[in-house]
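Have a look at the structure below before the remarks.
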Amino acid sequence: MPLKGFAGFATRKALAAVTTIFAIICLNFLIFRLLPGDPIRMMFRDPRVSAEQLQLMTEKFGLDKPLWGQFLAYLQALFQGDLGISFWQKRAVLEVIADRIPQTLLLVVTALTIAIILGILLGAISGWKSGTRLDTFILTASLSMYSIPAFSLGIILMLIFAFYLSIFPLGGISTPASGFTGLGYWRDVLWHMFLPTISIVFWYIGEYVLLTRSSMLDTLDQDYITTARAKGLKEFAILRNHALRNALLPVVTATGINLAFAVAGIIEVETVFSWPGIGRLVYDAVMKRDYPLLQGTFLVFAVAVVLANLVVDLIYGFIDPRIKVGKAE
Amino acid sequence: MRTKKGLLSLLVVALLALSLVTACPAPTTTEEVEQLNATIADLEAQLAAANATIVDLEAQLAAAMGEPAEEIAYGGRLDVGFTAGEGLETLLCDSNWQYTEMGCVFWPLVYDQLWIMGPAPDYEVLPMLATSWETEDGITWTFYLREDAVFHDGVPVTAEDVAFTIENLPNADPAWAFTDIITEPGSVKVIDDYTVEFTLEQSIGTRWPAAYWAPILPKHIWEPYTDDMLSFSNDEAIGSGPYKLKEFKAAQYVWFEANEDYWGGRPYLDEVVFRTYGSEDAQYMALKSGEADMIGYLGCSAVAAEDFIGLEDMEVIVSPGIGLQWLSFNLYKDTPLQDLEVRKAIMYGIDRDRVIEMAFLGYAQTADSFIYPEVAEHNPNLPQYAYDVDLANEILDNAGYLDSDGDGMRDDLTFELLAPSDWTDELKAATLIKEQLAEIGIDISLTVLDLDTYYEYIYTPEEEEYEIAIATEEPGPHGEWMWEFCRSYEAGGEGWNTAYWANPDFDEALDAMLAEVDVEQRTAYLYEMQMLMAEDLPYGVLYRPDLINPVRTDEFEGYVETMGGISTWINPWTYFELHLK
Amino acid sequence: MALLEVEHLKIYYFTRQGAVKAVDDISFTLDKDKTLGLIGESGCGKTTMVFALMRFVAPPGRIVAGKIIFEGRDILTISDKEMRRLRGPGIAMVFQSAQNALNPVMTVGKQIVEEILEHESVTKEEAWERARKQLELVGISGDRIKSYPHEFSGGMKQRVMIAIATACNPRLLILDEPVTGLDVIVQRQLLTLLSDLREELHLPIIFITHDLAVVAETCGEVAVMYAGKIVEQASTVSLYKEPAHPYSQALMKSYPSIKGKKGKLRSIPGAPPGLTNPPVGCRFHPRCPYVMDICRQEEPIFKQRDGRLVACHLIK
Amino acid sequence: MEKDEVLRVENLKKYFPVRKGLLQLISSREREYVHAVDDVSFSVHEGEILGFIGESGCGKTTLGRILLRLIEPSSGQICFDGIDVTSLNRKELKSLRRKMQMIFQDPHGSLNPRRVVSEIMRQTVQIHRLAEGKAEEDELIRNALEEVELKPAEEFWNRYPILLSGGQRQRVGIGRVLILQPKLVIADEPISMLDVSVRMGILELLLRLRDRFGISLIYISHDLATARCVCDRIAIMYLGKIVEIAPTEDIINNPLHPYTQALILAVPVPDPTVKLHDVPIKGYVPLTPTEVFSSCRFHPRCPYALEKCHQEEPPLIKVGHDHYVACTRATKAN
Amino acid sequence: MSTVRRRLTEAWGFFQLLLTHRMGVLGLSVFALFAIIALFAPFLHTVDPGKSGVVENILIPPNSQFWLGTDDLARDIWSQVIYGSRISLLIGFLATILTIFVGSLVGLISGFYGGKIEEVLMRITDFFMMLPQLPLMIVLAAVLGPSIWNIVFVVSIVSWPFAARIVRSQVLSLKERAFVEASRCIGASDSFLIFSEIMPNVVPLMFAEAVLIVTEAVYAEAVLSFLGLGDPTTVSWGMMLHFAFESGAMVKAPWWVVPPIVSIVVLILGFTFLGTAVSDVLKPGYKEKRGL
């Protein structure tokens, strides 16, 4: 029996996500086969390494097989959670990445939550009060934020607040060798988090303000807003119950797509602030030309984006009654 | 070879003699007395000799380990800055120990070696875990170990640990595969608890013993991971070195504390912290604010140096560098570079002083060989190729490279100069060289590649993917391996020989040098090799950038300086010697 | 006293090309318990007109002059708050495109309830009960109170709109093209519903449409708009029987009927004028078969004849 | 094909597959279809105007597009001017479209907003290579414009559609068709989006073209009142099927199918003296007719539904001169 | 009146419309400013931006000779900023052209043909859309090596899906517009329909998208260069920042850091303003709302 309504919608989305992830895996595999040169040679850059050792390593990394065989082996390994071994750290890529995930999540979830809430709020105000000075101010400010590359923003904040004013630390996640534990440690982490969080928030907030504002403007043009007005509702009730709820639907959708884009800020900010997260890891992997790690981080980012998109889609499906009951998408 | 017996046997003899002297009953006959006196004299002589040895060794050890002298205070925490890119990510015994800046400073603090290279100026061979060693032919080596060395977990260090390390560490990661510890399978023998013998594949004829720069790992901890040493995460980093690991946070910091039970006595410092910063600037700010006391390994850039000069409580230590930069000419590819005259002209056409002034603000020295001038083996009579535009032009004119179309560039002398994108200093130099060579009509185009492709290209000159490359290495005082850059393909060179240079005379001298035990003869060979290289110019050695170390002096004194600065892979001494004021 | 008096209302849209005189000096009155049909072609200003009645004219449009007196008060001068309170219980409105006039993410019940709660001090339960009754009043089962708009067909949505509009027992109901775009049968059902409601609730209605037949079937009085002006106002019966203004006449003739004999078609030549620069004099004169010189110069004023108002120079 | 028949359509069907997700494809074997046009047969005579009347979703628009092969039919025959339209290849289609043309509902949409009137017209001329040289093209365009009463042609020559009134745009649309001198024109709701005052003008124009050039017309509309003005015959469609087809006055004055009757009743009359009648039929047109009918598709709404109506689908039978009805209650005429 | 002239008139009209939008004016000014700077770079008190100076001039603050000071090879920062605008605009425009070309083609074809073709193309588009952009750029830049052409390629790879989506949705709605059907009905071929009927109507929208892609490209160049994936032989704003960041002279020589950041921000901001203005202006009802 065909699934109807939300369940069907969810299944479809989940299937699409799985397909996408598979495609990402293929792409990921292929890109790194485009690399010039011999990956093993890259891994052991020292020409003193003997040919036998290289051969051994080639076999160890399964690079002696034909491409198709390598792909199958890659898939098989993936299913077992094996993303390969980092050239640079000589550890399982998954392990290397797993070590970094909590720090990134801490930073990103905090920053994104603040950015989304503030962004939506400001965007809604801006759209509602469109044409006023407040709107112009919010719009200009957020466009400006949006235009500053996250790394520049980070550098600027760092120059001002860490270098010249010395209010915040020069980077890192906590004071090295402080011996802080418990609450003290978390206070230390919060203190270190401040500038990177602000950088990410500043960067994203523009995105959400713009999105919400334009969605709000579209919504305000809709006939049901006029209907609501004709019902004699208070402006705030119209804003909250009619305008914002509808305006948020496209914002939710965009949130998913934005995540693919959002990753950029994480990499830049973590790099500038030496935050030991996945973003910083990407940078290091690039610097060290650690291709398996780069491949792994790319996969993790891509899968994270796909999954986040799936979640966003499901949330969307849940809040938009048109999908909830199984009508047109 | 300094001693033929172990320190231990000497001590035993000495103690035995002393006990005899004190415990003997009074002499009864003159004969007996004479006999006794003779014995005593004999013993005293032995004792004196033994004492001398002990004093000597103790002095060396004291020098080496920072043996507490009475007026020196213990305590303090040394904060050492590294940039995040140099940070240690894991404690696995992989190439990151050897090749990353923090890694190669990290392990000498935690692990002992059999012997250690002393500080400048002599770079003496000093005993460490081994008190003495002997070899007849440079192939079979016997090391006599000290008996009071203990790992951080309290287990004594024995020959088993050494044998385990020598046998297995080179397999852990190919990066550890030094020519001087490649052993035949099964050739590592444990003679007794404190004696170990191993047979190398090739003889080592240098003044440096075998097994340099190998951390001795505790067998009892590592044994389960013999098959794949990299599978051991080594979270606690148990070694027998002067420092113990207190906390390790990947890519953030390494926190050491003094090993109170160290056989050589605990180091002066209570704690050492290697901490990472997101950028050079952050590092400098930390240094200025006192958050860090010194910068590990790379020191600061020339442009930043003057910011630290004259600051209160700061000193800028400038040391001759450990790194050399040179041009590698691809002699395989059919270009005018195969013409020695062209290479010579290029060398004459490069104003090294200007490069040093511009790219290093004067913080560099010209260099002419793979061997540093302060090292005894350096040949002082090498051709210098001092900057001389006229000479360069003359050479080229005479060799028939003319500018027929009058565009200011000579015909055919258009080369690609290869540099990797990550090497900022080398890029700056390359930019300047390009400008300078244009003056003598050589048109250089700068090709920037990512590091991998760069290596791929220069290590396979026969692929003809490059013409000239700017290259750099850190030979160190113990730099025999550098000569592999010159060994011809015919003589089994490959790989390293990025110039594709082939000179049978050189190959012969190289092999002879490697096998030679006699110091003078070795030096003679090395003189010859240097001359051959400098005359034939497969590589044009350019200069050697200084290491600039701004350090804080408000709390500590006793920074130890070697070539390459106060903290490098050949210099853990600062961490041993530094102490509170 | 009239329920609604519109006096000399002028609404202009100010653009760089000049003012668009969407409503230009319109006056009419509506008594209690009457239905007024406002007929006009697209762009004649009829929608602007009714938006003004709700005080919904937004920039660049502006009410330039005139009064809209509803129950004795000029709604153009009262405060925003008073105006807000008037919308719903005072004047209610059903919009043209029911497709988009309902909030898609809110149940229809909630959309009725929120209006009741806004204007009346009743409990939530009472409000929901009222909402259910409203739905049943417009012929939708009360069970569907929790349905979302997209679960209804076009005709049903328009019914919901009517339910919303009548939820607070408005004293005046404005219907802006309520049946346009619906299929004939649905249209018929809605018209029936509307006339039932009218009888039941004694609602004064302003019915805006371009469809002559719909007005004929629903309204007691008709005002014909042309190019921002009312050209004729009369009772439906008299207008249909004997249209006085040439435009009304032409309109009647061009409207085909399914009843009676198949007549000859007659179209009005030309096209309705733009409102930025409407023709000088009588705005209909370029299309008028009876055009005279005076029509090209002087704007006709409203004249009363046989109980109707006509703005034409022909009328003496 | 009879002698004066321009078009003959037999058993034409168009089923649109219902879009489904991957999982549904796996889980349900049978695909569902929307029966947009279901077994329709009719013919159009030379110079005749045949109206197709029905509510939205009855398939009338789809039908019009199938005739021109803008939509591919699922099955059935279309015989136009002696050729089998359904089997034409791309090239032949082009020549078909020279003889059979369409006028569209939305005059705003049917003209490319980025092109001026003369360009729009010229397109037709150029695609079919109707003229040689620009002068000849211009001549053709000018004639066509004047034919549709856009006089003087120069005034409209360089105008963008947005600067034309609805009626003028529709005239351009007709003019563009006229240039090809087609035999059959399908007019899909040509006036429904126009102002009341100009509607009749367009209808007059259509009638005149028929009279002048002998063009046959298929007039698709939801409005019986206007259809009455132009059509010779009218076919009433319901859910993809013709339920009644007869000469116009027969349909208006003697509707036999309950649906036709309801439609006629529902049409508003511009006469306030006429009393309103509520339509007897109930419910709504189902939005997507996907089920396969084994009964009269109108029976759920039919006030006169009999037991028989539930069991079989009534065929279109002849009940009078040229009058056909698909209703169980109708009696066959000879 | 020729078609070309009419298009020009249209463009002029559009341009004038943009001038009624405050952000449009700002954006156009920024664009004009940088275009002039890039075009007339050699005449703007510049020296060869890649040429080293003399030792005494290393890292000197702004003065009358070096308006924005010098960097660590005594190169003139002013000249680098000026010439950097060429690279940024070049990358921006090339990437935009490539992106718009690919994106429009995919969008036009998938939107026009629908069915399986659309399904496949849109799946691919969605896929590329979901790829995290910067990591993908990093990976590709790392794989392809440092070169501005690779940056152009990489930016196009990640940007085209957005263009394709926008074009497709526009095509879908245009396709429904009767004029396409009318044209088909007349016998127009598919390519005629796509390129002569639909495309002209998509052009304004593509323009809006193109403006935003320029910002993407400028941004990408800056970030990739900053991360060390740029081409050090090219003088660009991102490379300036990279070298400044790497050299540790950032705090010491803010004149080295601030000008490229300001240039990047102003350029991106300008184009963002322009993009916002263009899409505002293109919104139906813009004229009406503004009373135009």
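By letter and in written order, the chains are A, B, C, D and E; residue numbering begins at 1 in each of them.
To be clear about the criterion, a residue touches a chain if its C-beta (ideal position, glycine included) is under 8 Å from a C-beta of that chain, and two chains touch if they have at least 3 such contacts.
These numbers were taken from a predicted model, which means no experiment stands behind them.
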item	value
Chain B and chain A - chains in contact with each	E
Minimal step count in the chain contact network, chain C to chain D	1
Between A-E and D-E, the pair with more C-beta contacts	A-E
Averaged-CA centre spacing for the pair chain D and chain B, given as whole angstrom	91
CA centroid of chain A to CA centroid of chain E, Å	23
Between chain B and chain E, centroid-to-centroid distance (C-alpha), Å	49
Touching two or more other chains - residues of chain E	142, 145, 228-229, 245, 250-251
Chain D residues counted as touching two or more neighbouring chains	none
Contact set on chain E toward chain B in their complex	50-52, 55, 58-59, 72-74, 142, 145-146, 228-233, 243, 245-253
Residue numbers on chain C that touch chain A, as the complex places them	54, 56, 84-89, 92-93, 95, 97, 100-107, 111, 114-115, 118-119, 148, 150-151, 161, 164-165, 168
Residues of chain E touching chain D in the complex	1, 3, 6, 10, 176-179, 181-188, 192, 197, 200-201
Footprint of chain A on chain E - complex, ascending	23, 123, 126-127, 129-136, 138-140, 142-143, 145, 215, 219, 222-223, 226-229, 241, 245, 250-251, 254, 257, 261, 264-265, 268-269, 272-273, 276, 285
Residue ranges of chain B in contact with chain A within the complex	77, 79, 84-85, 89-90, 92, 94-96, 173-175, 177, 179, 230, 233, 246-247, 249-253, 255, 271, 273, 275-279, 281-282, 285-286, 289, 291, 422, 450-453, 455-456, 459, 481, 484, 494-496
